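Both of the next two complexes hold chain A, though its partner changes from chain B to chain C.
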Partner chain A sequence: MASSVLVENVSKVFHTREGGLLFRGKKRVVEALKNVSFEVREGEVFGLLGPNGAGKTTTIKILSTLLLPDSGDAWVNGYHVVKEANKVRESIGVSLYSDRGFYWKLSGRENLMYFARLYHLERSYAKSRIDYLLKLLDLESDADRLVEEYSTGMKSKLNIARALLQDPPVLFLDEPTIGLDPTAARKVREVIMELRGEGKTVLLTTHNMYEAELLCDRVAIISKGRVIAIGTPGELKSKVSEHKVIEVELAGFDEGLLEMVKQGRGVIGAAARIRDPVSGLAELRIVYDGDFALKDVLGMLLSSRGRLISVKSLEPTLEDVFVTMTGERLEAPS
Partner chain B sequence: MRQGGKVNCPSTKFLRGFKAGLAELRGVVEVWFRNYFRYPAWIIADVVTTPAWLILFIVPILMFLPREQWQDPGVLNTMFWAMVLWDVVSSGIWSFGMAIRREQQTGTLEALFVTNASRAILFSGGLCVRTVTMFMGILYMFAFFTAIFKVELMLFNPLGVLASLVTGLVAALGFGLIYGSLVLRFKNIGPLNNVVQFILLGICGVFVPVTSLPSPLRLISYTLPFTYVADLVRHYALGAESLLPLMLEWATLLTQTAAMLILGLSMLKQVEHQMKYTGGLGSY
Partner chain C sequence: MKRLVKYPVLASLIGVIIKEMKIMSRYIGTLVIVISLPYMLSGFFIGVGYTVGGEAANRNFYMNTGVESPLLYLTLGGTLMMASMFLIENASGIIREEQLIGTFELHYLTPNNTILLWFFHAIASSLLFLGVFAANASLVIAVAGSLLNPYEWLLVFAIVLLGILPLAGLGLVVAALTVRFKEVWAVANIVSSFIAMLSGFYYPLEVFPRAVQLIAQVVPTSHASELLKKIVSGMPGQPPLAERLTLMAALALGYLALGKVFYSRWEDEARRKGELSKY
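Up next, the complex of A and B:
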């Protein structure tokens, strides 16, 4: 199968300054991407899965020609993202996660019409395309209201409609379902599946592993600017499917405890998510092998200063791949 | 994929580019006017502040003029045309910067930059709205000078004046692109433009003839297109003698205008590239 998106050893560093006024503020170097390589095949829904700050949006921006890589190469639809940026822009639809990005004093329809003009769509085609997209995303009844009155979810959907305007073969969707209620999120997922049915290539980012599992043919797990695993959700899960997983709720958590658990016999990986910093309420996810490990781990938890609230035994998921590989958790799955 | 195959023939390519540019321009004009007319306060502010601005500007000048010059139609006419020119040039200079700043604030810059639309056209929207204020300003000035000073305005060659003013506007757009690039790069550069505009129009002999400037300054004046615009406007409107032979003056003006535009466009392109490198495109 031909590749729609090909990324080879792309790195990106941001040079910024921290706070301060005028020219003060410490210099800071952020390595957003480190030698990232992956391939998205034609007609595939491909997910970039990673926690906040992993470099997902940066990757999307580089592929959309909004950012220039420091090194490495990338091709979209066969065109080089730096040397043939115009061709790349003709081949893609982009929806970046943002609460802004529209003209608030224009209606949703007017906004789409403007971008249709910028994409050089013929007027009558543009009109019917916009009607179609508004319907597709359940925005018909709000199409003629000003965007300033739109809810977050409506703006997100309008953003996706805009990405689909020129009916491009490749779509980049940054966090397409973030901030959506379950109905709207389902709608957007349906649209993505429909696009897949039409043979479009979709590259989406998410930090929701359920979504990645549900939608994506293949997933790249990305952490701190590096791709740490690529495969179908099944392949990735098979890395942990032999293991067992528990999720422990605990008050009075401290990092020392986590380190101790990680060292425990039979423990493959463990990571914590702090739910309430004041009481030290945390959720520990522990991936382990063998029954003796469970006994050890529970022993450690019981003898710690923390108060054990609940213990759940779970099926391994993509998150556990992440936990075992990075010792960190993904964002809270909703 | 977009419809249509490879374009090989240069004239088809040009025609296509032209049509695309036209579509972009239409979109931009529509968006800006819709937006303008959906803020009633904006329009009212323009209607009210334009004359206020004029009064602030003209009254002090007149206070320093000896009484007899007040009534001198020549002086008043020079002043009228200077004000018109000021209005036209400032419209051109501000337009792009204003538009870019607005896109930064609405957060639409990245969405615009994933299209292949011409960057210059994308940001020409400021000019549309500015044109409304520009005509409003000219009308107000006309009313001021005829009703208050009872001066008969001179306009010997309307076409000549129009041509000079339009060229002046285009040259100002060149400067506008440079200013716009600075806005794209540094976001909020506030009143810098105001100051530059004063100096620029000052040394270009809009208010006082260039010939009365000290010679080092005059050398700078000759390299700036507005010098010739001001001179040509006076020539066509008031019948004043031109600085250079007409043909030569026009040739100089057009060359400088083209140079300004090219410089402005290449600077905008360069800044876009730089912002894509640093990642500052989406910030404001």
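Up next, the complex of A and C:
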């Protein structure tokens, strides 16, 4: 199968400044991408799975020609993203935000017509295409309302409609369901599955492992600017399928306890998600092998200053692959 | 079915003009202010003039400007001033405003030259102001008891366009220089004030020392202001049309080229540093 997107050793560093009042603050260097390489095959739904700040959006922006890489090369639909940027733009549809990217004083239909004109679509084709997309995304009845009256879910769907205007063969969707209610998120997922049925190549970013498992043919797990694993959801999960997983809810959590758990006998990986910084309420996800490990871990938790609230035994998921490989957790699923 | 238009640049221009007109028509309060403010300012200045000059106010005004109707003179100047301020602020603020609503980088995803797209926005604003100018000028001309022939109207529109469109170039310079500091409106207001001061919207530039008058020669609205007053309000003396229009066209090219140079430099840097999408 041919490559729709090919990324080879792409790196990107940002120089930012922190704080400062009248004059600018301290310099800070952020390595957003470190030698990232992956391939998205034609007709495939490919997910970049990782927490906030992992480098997912930076990758999408480089592939969309909005950002220049510092080093490395990338091709979309066979065109180089730096040397043939115009050709790349003609091949792609991009949805960058869930609830921004519109003129609030125009209706949904008028917004789409504006961008259709910028894509140089012939008027009658544009009108029929817009009608089709509004229907596809369940926005027909709200098409002539001003965008300022739209809910987040409606704006998100309108963003996807805008990305599909010129019927591009390759789509980049950055966190397409973030902040959406379950109904709107389900609709967006249905549309993505329909696009796969039409043979489109979709590269989406998400920190929602459920979404990645449901939608993606293959997934790249990305953390701190590095791709740490690539494969089908099944292949990735097989890395942890032999292990056992518990999720522990604990009040009075501290980082020292987590480090102790990670060093425990039989513990493959452990990571915490703080739910309430004031009370120290946290969820620990622990991947381990053998009953002795569970006994040791529970012993550590019970003898700690924290108060154990609950312990759940779970089936391994993509999140456990992430926990095992990075010692961190993905964000809470939306 | 045919998918793409024959003239893509024209399609983009039409798209921008329709979008801008629709948005403007939905900010009806702003439109009312844009149309009525020149009258309000004229009334204000006429009041000040009578307070200072008393019964001799009209005679003094005629002696200093060569125009009998202060309302006509001041309203023409005021409308042109509003247009120039609007153009500078719109062009200066376009990066920030579009970034804030998230539409800025979406323009970079379309197969268009982005500087051309922002220039199209300036054309849309200019067209709007041609309408405002026509409405305001017609009214004050009618009140003054005279009319313009079609040739004069065409000339007036050409002068207004040549006077205000180049300011889009200046706006892009401001946009490119200030976007990182997010203080664009402060700088745009300062630039607008200088342009207003040097354009002679409300007074003849002869009130200034020679050095200031020379500086005003590189401000396109100073020529527009003078020519319009000569044509519309019947100031004495033949306007040196060909010479002034050529100078204004040269200034327009210069201003727009300057805007392009500054904006392109910013754009290249923004694509390297990820500033296209910062807001």
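Here is the rule we go by: the second predicted complex is superposed on the first by the 328 of 334 C-alpha atoms of A that agree within 3 Å, B and C clash if a C-alpha of one lies under 4 Å from a C-alpha of the other, contacts with A are read in each partner's own complex, and residues count from 1 in each chain.
Please note the rule applied: contacts are C-beta pairs under 8 Å (C-beta built on N, C-alpha and C of every residue); 3 or more make two chains touch, one makes a residue touch a chain.
Everything numeric here is computed off the predicted structure, so don't read it as measured data.
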Practice task
Could you classify chain B and chain C on chain A, in the superposed arrangement, as clash or fit?
Solution key: clash
Exercise for the section: Determine, under the contact definition given at the top, whether A:97 touches first (chain B), second (chain C), both, or neither. Expected result: second
Handout entry: chain B versus chain C as contact partner of A:75, first or second or both or neither
Key = neither
Problem - chain B versus chain C as contact partner of A:150, first or second or both or neither - result: neither
Practice task
Go through the superposed model and pick first if A:322 touches only chain B, second if only chain C, both, or neither.
Solution key: neither
Practice task
State whether A:38 touches chain B only (first), chain C only (second), both chains, or neither.
Solution key: neither
Practice task
With the two complexes superposed on chain A, say which partner A:169 touches: chain B (first), chain C (second), both, or neither.
Solution key: first
Exercise for the section: Applying the touch criterion given at the start, work out whether A:120 contacts chain B, chain C, both or neither, answering first, second, both or neither. Expected result: both
Fill in the blank from the handout: So the chain A residues that chain B and chain C both touch are 14-15, 61, 64-68, 86, 89-90, 92, 94, 96, 100-106, 110, 113-120, 146, 162
Exercise for the section: State the interface residues of chain C toward chain A in the complex, per the touch definition above. Expected result: 1-5, 8, 11-12, 14-15, 18-19, 22-23, 26-27, 101-103, 105-112, 117, 271-274, 276-277
Completion exercise
Given the complex, residues on chain B that touch chain A span 1-2, 19-20, 23-24, 26-28, 30-31, 34-35, 38-39, 106-108, 110-117, 122, 273, 276-279, 281-282
Practice task
Write out the stretch or stretches of chain A touching chain B in their complex.
Solution key: 14-15, 61, 64-68, 86, 89-92, 94, 96, 98-106, 110, 113-120, 146, 162, 166, 168-169
Practice task
Over in the complex, which chain A residues touch chain C? Could you list them?
Solution key: 14-15, 58, 61, 64-68, 86, 89-90, 92, 94, 96-97, 100-106, 110, 113-125, 128, 146, 162
